[in-house]
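A, B, C and D are the chain letters, set down in written order, and residue numbers restart from 1 in every chain.
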Amino acid sequence: MLDSSAMVYVKFFASLREQLGTGELQLPLRPGMRVEDVWNSAAGQPLPEHMLMARNQEYVQADAEVRDGDEVAFFPPVTGG
Amino acid sequence: MLDSSAMVYVKFFASLREQLGTGELQLPLRPGMRVEDVWNSAAGQPLPEHMLMARNQEYVQADAEVRDGDEVAFFPPVTGG
Amino acid sequence: MSVALHPAPFDPWRTLGEFEAGGGAPPGKFGATAAFVGTMRDFNEGDDVRAMFLDHYPGMTEKHLEAIRAEAMERWPLDAALIHHRVGNVEPGDPIVLVAVWSAHRAAAFEACRFIMEDLKSRAPFWKKETLVEGERWVEKNT
Amino acid sequence: MSVALHPAPFDPWRTLGEFEAGGGAPPGKFGATAAFVGTMRDFNEGDDVRAMFLDHYPGMTEKHLEAIRAEAMERWPLDAALIHHRVGNVEPGDPIVLVAVWSAHRAAAFEACRFIMEDLKSRAPFWKKETLVEGERWVEKNT
């Protein structure tokens, strides 16, 4: 049974934000959901190999689990400094 | 025949200057003189192995030739920076 | 401030002077300070660059810089370390990043400063969007 | 001034600001600046150090610093390089040496800065005489 209140907060940055036309969205959390699943629900395109991912502002891999209220972010390779 | 006007200008720095009690002296140039000979004439003690040498403000080895008017300097290992 | 993001232009050398004057590093204790400043150039990848927008991930970017700083403080015997970085609109000639570390001796200072810069370049969540003579582009990846 | 000896205390960070403001490095061209400052500590080889006299060889010291700078400018693609060093009486907390280099990218900047410092430490004609709590001593050799 879907816990209707359980949510995942998704963020996109830089060129990805521009491509997807949005920087933020929310979606319901499904049991056993992983970061990769969040991408598939939110982005509607296959997860590019170079894409970086973070959960609650820390780098994670695509198979990292997602829990209620987590902030999951996706962004291209960084180019700071 | 000694060229009476041919001179060598000798300088000592740092702890060596203190040990020898002088920072500068002149001595007559002898034909075929080398830096090592200048030391022997000026310092009156054997040339310590770690001693550094310069001729006209550029590093040289003990066997470097010395010509009229040259400035020959002797100093301990450097400790700058 | 050991870690700071600057939305407006900042002067890295004055920042270091003020950091030291404010007691950021223990006078008489540190003997070596290594600093690096990255400055925006008016040329990149063969094109003239007129301006740049520096995007970042509010929250994660700061956390990441603090984490790199903490790791450097742990791996080397540092007295202090500082990371400042621009965000927002940047002009050619504007400093973008300042990294500085203080330690007793130069080897640790040089190595820690380089470590922070390399990590920052490869993992700190920043993205550059360049405005060229014609059009804009996101910088693909760091060298 | 790319190479300078300072008989009186100097502020390295202000020196860099003034060097850049005076056009010492080409704005918009350089992207990386690496700087190193060596500062006198109040402790050395297990003893408290109260003061220090920095001896040098007028003429040769300047020549040597200029030669190191020229060699660095030749070996790396640098836009500018600067070496400033104290001479005479120095107090704990006083900066002793400032080395800074400007280049397009960080690898050259870091490497050239380190090269200049290592050569300066091992060959530039300077000698330190420390005043301890009791007595004085010449520093034997550099680490």
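Heads up, the rule we're going with is that contacts are C-beta pairs under 8 Å (C-beta built on N, C-alpha and C of every residue); 3 or more make two chains touch, one makes a residue touch a chain.
Being a predicted model, the structure only gives us computed values, none of them experimental.
Student: For chain D, which other chain has the most distant CA centre?
Tutor: Taking each chain's C-alpha mean as its centre, the farthest from chain D is A.
Student: Which integer distance in Å separates the CA centroid of chain A from that of chain C?
Tutor: 27
Student: For chain C and chain D, what's the span in angstrom between their mean Cα positions?
Tutor: 23
Student: For chain B and chain C, let me know how many angstrom lie between their CA-based centres, rounded off.
Tutor: It comes to 49 Å between the two C-alpha centres.
Student: Listing for chain A: what residues touch at least two other chains?
Tutor: Residue numbers touching two or more other chains: none in chain A.
Student: Can you tell me which residues of chain C touch two or more of the remaining chains?
Tutor: 38, 117, 121
Student: Run through the chains and report each pair that touches.
Tutor: A-C, B-D, C-D
Student: Contact residues on chain A for chain C in the complex?
Tutor: Spelled out, the residues of chain A in touch with chain C are 11, 13-15, 54, 57-59, 73, 75-81.
Student: Give the list of chain D residues in touch with chain B in this complex.
Tutor: It is residues 38, 54-57, 59-60, 63, 85, 96-97, 117, 120-129, 138-142 of chain D that touch chain B.
Student: What part of chain D is in contact with chain C in the complex they form?
Tutor: Listed in rising order, the residues are 11, 13-14, 16-17, 20, 27-43, 92-93, 104-106, 109-110, 113-114, 117, 121, 143.
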